[in-house]
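The letters A, B, C, D and E name the chains in turn, as written, and every chain counts its residues from 1.
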Amino acid sequence: APSKGGTLTVPVIATAFTKSFNPYIDNLNVVGGMIFETLAFTNVMQGETSLRLAEGYEYAEDYRSITYTLREDLTWSDGKPLTADDVVYTFELAREVPVYDLAGVLASGLVTEVTRVSDREIRFDLAKPDSTVHWDLNRYMPLPRHVWEQASDPATFTNPEAIGSGPVTEIEYVRPQQMEICRNPHYYQEDRPYLNCVRYRAFNDNSQIQPALMNGEIDWGSNFIADVEKTYVAADPENHHYWYPANDAIHLYLNTRQAPFDDLAFRQAVSVALDREAIVDLAAYGYPTANFFPGGIGDYYADYMDESLMEEYGWLTQYDPDRARQLLDEAGYQDVDGDGQRELPDGSELSFDIQVVNGWTDWVQTVLMITEYLQDVGIEANVNAVEWGVYDQSLKEGDYQAAINWSLLSTHPIQTFKEYYHTSRVGQTWHAGHGVHSERVDELIEDFGSLTDADAKQDTLDQLQRFTAEKLPFVPLFSNATWFQYNTSEFVGWPNAEDPYVHPVFYSTGNNTLIFNHLHKK
Amino acid sequence: MTMTNEANAPIVSARDLTKDFTLGGSLLERTTMRALNAVSFDLYSGEALAIVGESGSGKSTSARILSQVHEASSGEVTYRGQPMHELIAQGGKRGFASRVQMIFQDPFGSLNPVHRIFYQIARPLQIHGKVRGKAALRARVIELLETVGLTPAAETADKFPYELSGGQRQRVAIARALAVEPDVILADEPISMLDVSIRLGILNLMMDLKDQHDIAFMYITHDIATARYFAERTAVMYVGHMVEWGNSDAVTQNPQHPYTQLLLAAVPQPGAQKHRDMSQYQHKADIPMWQPESTGCPFAQRCPHARAECSTRLPEVTRIAKDHFVRCYLYE
Amino acid sequence: MRYITSRFLFYFVAFLIAISFNFLLPRIMPGDPVDALFAGSAGQLDPSQMDAIRAMYGFSEGPLWSQYLQYVKSVFTGDLGPSVLMYPTDVTTVLGFTFPWTLFLIGLGVTTAIILGLILGTIAAYKRGNWFASLFPPMAAVLSSMPAVVTALLVFYLFGLKLQWFPMSYAADPSLAPAWTAEYLGSVARHAVLPLLVIVLVSLAQWVMTMRNAMINVLGEDIITMAEAKGLSQSRIMLRYASRNAVLPVVTSVAMGLGFAVAGQIFIEIVFNYPGVGNTLLKAINARDYPLVQALLLLIVAFVLIGNFIADLTYLWLDPRLRK
Amino acid sequence: MTDTSLPIASSRKTPMVPSRLRQLLRNIAAFFQGNMSASIGGGVMALVIVACLIGPFFTAHAPDERVARPHVEPNAEHVLGTTRQGRDVFSQLLHGGRASLSVAFIAGAISTVISILVGISAGYFGGRIDQWLNFAMNVVLVFPQLPLLIVLAAFLGQVGPVVIALLIGITSWPWGARVVRSQTMAIRQKEFILAAECMGESRLRIVLVEILPNLISIVAGSFVGVVMYALINEAGLEFLGLGDPTVVTWGTMLYWAQSSAALYTGGWWEMIVPAVTIALVGGAMALINMSIDQVSNPKLKTGPHIKRWRKLNRIIQAKRQRGAS
Amino acid sequence: MAIQAFQPATDEDTGELLEIRHLCVDYVSPKGMVRAVNDVSLSIRPGETLGLAGESGCGKSTLAFSIARLHKAPALISEGEIRYRGRDVLSMNKRTLRQFRWNEVSVVFQSAMNSLNPVITIGEQITDVILAHCKVRKKEAWRQGEELLQTVGLHASRMDSFPHQLSGGMRQRVVIAIALALRPRLIIMDEPTTALDVVVEREIMDELYQLKDRFGFSILFISHDLSLMGEIADRIGIMYAGKLVELGSADEVFYHPQHPYTRGLLNSFPTIHGPRERLYGIPGNPLNLLEAPEGCYFQDRCERCFSPCRTHDPEMIPVSSTHRAACHELAERTAG
């Protein structure tokens, strides 16, 4: 058996730590998954569900309800039993206090009722048949009713004693710059965790975490650091490692309701004008993976990609400035006044802004490079680095010309497509402002939940991917990297390319639990 | 209570001038000090009136009221019989300035260091439209410089003040005052900052100007000997009051007011015995600060002849000779 | 006494102006704290959740003037509500654990810089014409005209990262429990070295130059010649006669000095991740944490005002001419 | 009489105007002459300004375009190396200098104009006007500027160089105003002002022609001070990411260097070049300011004659001691 | 008072209290060397008052400061000798110099406002000189200070005052009290009353003379007011452009001036009681020491300038046993 003991040091970008252990008010992402666990966790990387507090769950025949069964003899860290009552109580709170409604299942009305079936069984009644609701339900963390009931206002309750269900619950100390939390004596998994404690250390930003990582002060980094090979790995090649699997897909969103982006040929020209490899290499420091898939998803969802799309639309993501020029010429975008910049077919000036958030330097760099590539084919584009507030508003309202933005990363690609296309999301999200929508697509998305057959599901996804490649409302750029550095001088058991047992995101509930429980002393 | 000069009428006469200053910037504590109290005097063309007195006795204040830098709190100044405010209402301050000019104490401070001598003298000529055209202007400036003995004038005109000695600067200041061809010149301690060897040169220059241009001079000084030397008449001030005035010789040779007597006794004289008995004046009291509500004679506390009434009421002016007045109970 | 009262009144009014400015700040500026919270979490939050949070923070409603009175009251009662950035921690609590560090660092730094500046300035004035006096002031001026952030980065890089002589971040080793033990205090001291070095480098010249200039002026005065003529010892002349008088203009320049020190402090705290007010301020700004930004700004203003008030008192103590 | 003086007047008239210019040049020459720190400071400033003005016409690379691999070490092609984004540091330096120096000078100009207006009005008119202006001045003075700037810059959103210049300009006038005010009050007491008043000069002319020229060195000093301050704070604000990162300035160069961790990844030149340049220019201005101080207060000046005195004094003293013993 | 006695050198004691021989003081200025005191020789006897007159910038203060070696950069005593009771002041080491200062020679400066430290109490400024030189306790020093104040006619309670709380005359008295603190043999007074009104000046001068009668010190009295000088000085020296041009008893200088500059100066002061006639003063401007001419420095302003004046520097020529003057005309006359 792996040897026990040790304290894991994890950096957190924080101003200061306070005794605040409410998983639903968790700005620093240090509670979810570590002090509280969910019923189950969908491990996307492995394409499987990892059961946590639940022993299992089951849909009703008609998919109008789902019933979770808790493990036997679960207890809270203070020794009190963890029962279906606690789960029901949690969802009741979520109905009253909006922050607790993490995935919005209650607010949207999808879950109509939460019922305690037995001491260990809870049934969720659904408004309409849905085979995907467990993705959402798996995000909620049951709360100890006997503790929360003491709180005068659950919306601000801090759970100062850190009573929870996760692997670490015993507070060693909380200081503004550091806190240490140790093993839960009543943890449901035998022998776990192997480690004694986790130590969170507060940092200002990545530029400060970098030297700390290099100095070996940190075991588990989830931060962007420049030139990881030369700085981090070089500092201790034996023990310093990193693994940067693909994360969310980053696109250049184009507003198709305005000229020149209302013209598909123009959008296509923009796409082929970009050298994704170079952008990834220079602007994004080479860590992300260039995204050549025109279907709207990135490597993270590689399993769901419709490969056949590549034959027909693969050219769209191949760097080919000549083709771009040709496309533009054919569509009538020509430099009529001889200033080196193309004009619109009607002869008026062609120039647009690409919005980006000020301070997100890799994106600003990316956009700067995009403008350079566009310049090469005679298109004038400018970087417009704005405050988050401005960016947020104009993307949601579709009040932009072009903008760089991410895409939703969740349990399943359908959620991503919903964010792109579903008309209910227009004005609500940053991804739906491009102006390409259709009733057929809405239907596809809405009906997905009621599909039970895997092939049918994939078919829906294929259709959506084809739609994306055809319309090209956004130009795929690259899949972000998952920043993950680990130090093996003391602890082993990290996920890596050889053993990719989970997506290595520290701040993601479930992923962190899985990794933490894997780690043990060398 | 005027100083009469039967021959002609005064060109400027001040009647009962009073000037109050508010002291202290804060709103909470404000005191008013009376820098001038019921001061009257006349200036005559071609004559000088010297005003002597210790520091802070209000000499400059009276000159500044005449030159309109300060406004009198009460009392009236007339110019050729016409009240000053009327005059200003007609011709503006500028018109007034063309008649009354001032020469200041400090030749280093009264010329703007950034302007050439030419500019300093040309300005009053331009302001008051004394000449037309650049050539005439230059000619006039040169002429003025020659008048005050600054030769070679053309070279001097192109210099900056720092290139001149103190005596030369004071001459420039005089030339500047002359430029507007005033009837009255107020000279506020014009030689006190000058070297001894050149003081007399300036005094003599002013004396000549007074005689040749028939200008009325007001000569402020604390040197009673030069007052007698330069001015036909002398007035002695003490704490905002004019205590004795009249013909210079009368005042200096036959002082009547105890303060004048003290002042004259204090003037050093070569060969005089080394100890003079001044003990009667000593350590009696400090010089008071005069306030509007103060009463009596300002010299009462220090006066060896003080009587009870001295501290209750200001004595009236007494004429003790044809041109000799004093404000003291001893002579009432 | 009158002088003290009038100065105090002045600072009080200045503080009220600061409060009003603070009050208006979030109301006239674009941006919303909850949006920024989202920006901070880089896409981790669901939009529906954000609405919930927004409702939870609830900017107080009602006419502006009643909001204003409410605000003034909350400032003077110290009840500034919860911080957005560190929700649900109270703003006052945040100030509680950040301000002492800033006070410590800036107090020590400014004191060191002033004392060093006075000494070096005095020497530079006394030894006019020798190589130290002619080279040092311009050198110090050049050093101090480097932006604090540049100096801080270079010091950080050289002594922290490359040479590893001193720790690079924090106010003390975070693994040590704060206590009055030699170990903890030693750690605090070691962590303070580099930030202090930067503060001193950045602000030294100002004090050197003011002191030197004031000293040169004083040395030219008759009081010094008189003291020398009296046959007093050199040290007595220096300390009792020259420095005492020369220090007066230095005290007057505290207003500017403190302003600069605070400015430098912000960069220094950011570079060295010192858990003080400046560091927190930037984070609060980025998070649009208005309650915290306002409180920090107010705290900084109050600090500078109090520093100035103390300077005024010092001046009063040093210069009997003002005592009335 | 007019006739005789005419020829003198006309012969004198011609050299009058150029001689004023010559006077100015002579003054400037005198300022630098024999003043080491002024000469060094002035030399560096002149060099930097000229380089930034004409340099960009001659640089081989555009400042905002990728022209080589990231972090190419300084070499013949890229004399100061390239940034993490593969841009030429040297041409960024020259182009950025234009923006940075413009910000500094615009801020200096704004602040100087305000401080002259406020300072002279307060000092010359006195009374109520002075009380209010002085109060305003003191209030702005005691407010710590940089935190205020940071907050304003952040809340205004991405601020370009012009906005930064405006912000710094309108917040940094009180110090200059205070000095101008006290100096104006001192000059106002001078008898030449009284003389001008007695002569019937208009108030406007007194302020502009009689007072203002006497403030030149103080105004110049405060201008240089604000320019320096603006340069430093612009860099600071941009370093914090509150500026517009797409505009090349010395501050954004620092920002990019920091955000690409140039110091950690071995691209030290990306950080050091702008840092040292800012320090150099700041230092040069500090030196100029020091020398201007010496003009307004000649006591502060240490000339070579003091050195000479030291030498002579030592010789004489030694001779005497020998004679005595 | 436990003052350490200052040992006079016995070998060279001439009976003079202070003797200055061929003293030259230069200022090292950026534009060149300025000789502010040029070959001045004079002596002060115990108990006498020597007046030194001359206009602004003629080197009076420079001379005075050199005697106590108070000159500072850029002043340089380049030549000459100063002997105090036979001892060479210029070669004294620092310790002896400190003893010499104030124990033997004290100085009263031009204006009291500038020489009293505004931020220190009067008491401290008096006692610190006592404490610096005598081995006494603070209390004793304070008592002595109070006595001193009473000597100059101020109330002992003024010890606790700050300078700004006193009037100009009172401050000047304090300065005199400080000067008397150690009973020096020589007091140098550099224009001690120019900033004061005549009445106050008179009071102070009277008091000073009472004190002089009591303590018997010598005074080097510097002023440009010849009238005052004529009244109080036993002997008078007249300086022009750094040179001593005439030196004699007060009556000799006043009634039989030999140098044209002295005559001109005497002619520049109108009197209050004498005849009222036009006086002529001295034409021209004071000499700029940077442009000193060959020969006599007074040549440009002298009406009786003749050829030797333009080429040769006049020597001091004795007129009587107590009276000397430096003028070529005089040389001609005595020779001829």
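Assorted remarks:
We take it that contacts are C-beta pairs under 8 Å (C-beta built on N, C-alpha and C of every residue); 3 or more make two chains touch, one makes a residue touch a chain.
All of these numbers come straight from a predicted model, not from anything done at the bench.
Following the contact convention of this document, C is the list of chains adjacent to both subunit A and subunit D.
Comparing the chain pairs B-E and C-E, the larger number of C-beta pairs in contact belongs to B-E.
The greatest centre-to-centre distance from subunit E, using averaged C-alpha positions, is reached by A. Between subunit C and subunit E the centroid-to-centroid distance comes to 53 Å (mean Cα coordinates, whole Å).
Taking each chain's centre as the mean of its C-alpha atoms, subunit A lies 40 Å from subunit C. We define each chain's centre as the mean of its Cα atoms; on that basis subunit C and subunit D are separated by 25 Å. A separation of 47 Å divides the Cα centre of subunit B from that of subunit D.
Each of the following residues of subunit D touches two or more other chains: 157, 258, 264, 306, 309-310.
Residues of subunit A in contact with two or more other chains: 211, 359, 387, 389-390. Within the complex formed with subunit D, the subunit B residues making contact are 67-69, 92-94, 96-98, 100-102, 104-106, 109-115, 123-124, 127-128, 134-136, 138-139, 142-143, 154, 158, 173, 176, 180. On the subunit C side of its complex with subunit D, the touching residues are 10-11, 13-14, 17-18, 25, 29-31, 128-130, 133-134, 137-138, 141-150, 153-154, 157, 161, 205, 209, 212-213, 216-217, 220, 255-256, 258-259, 262-263, 266-267, 270, 278, 281-282, 285-286, 293, 296-297, 300-301, 304-305, 308. Residues of subunit E touching subunit D in their complex: 28-30, 73-74, 76-78, 88, 90-93. Every residue of subunit D that touches subunit C in the complex is listed here, in rising order: 37, 135, 138-139, 141-148, 150-151, 154-157, 175, 228, 232-233, 235-236, 239-240, 254, 258, 263-264, 271, 275, 278-279, 282-283, 285-287, 289-290, 293, 297, 299-300, 302, 306-307, 309-310. For subunit B in complex with subunit E, the residues that touch the partner chain are 54-55, 165, 167-168, 195-201, 204, 207, 222, 224-226, 228-229, 249, 252-253, 262-272, 274-276, 278, 281-283, 286.
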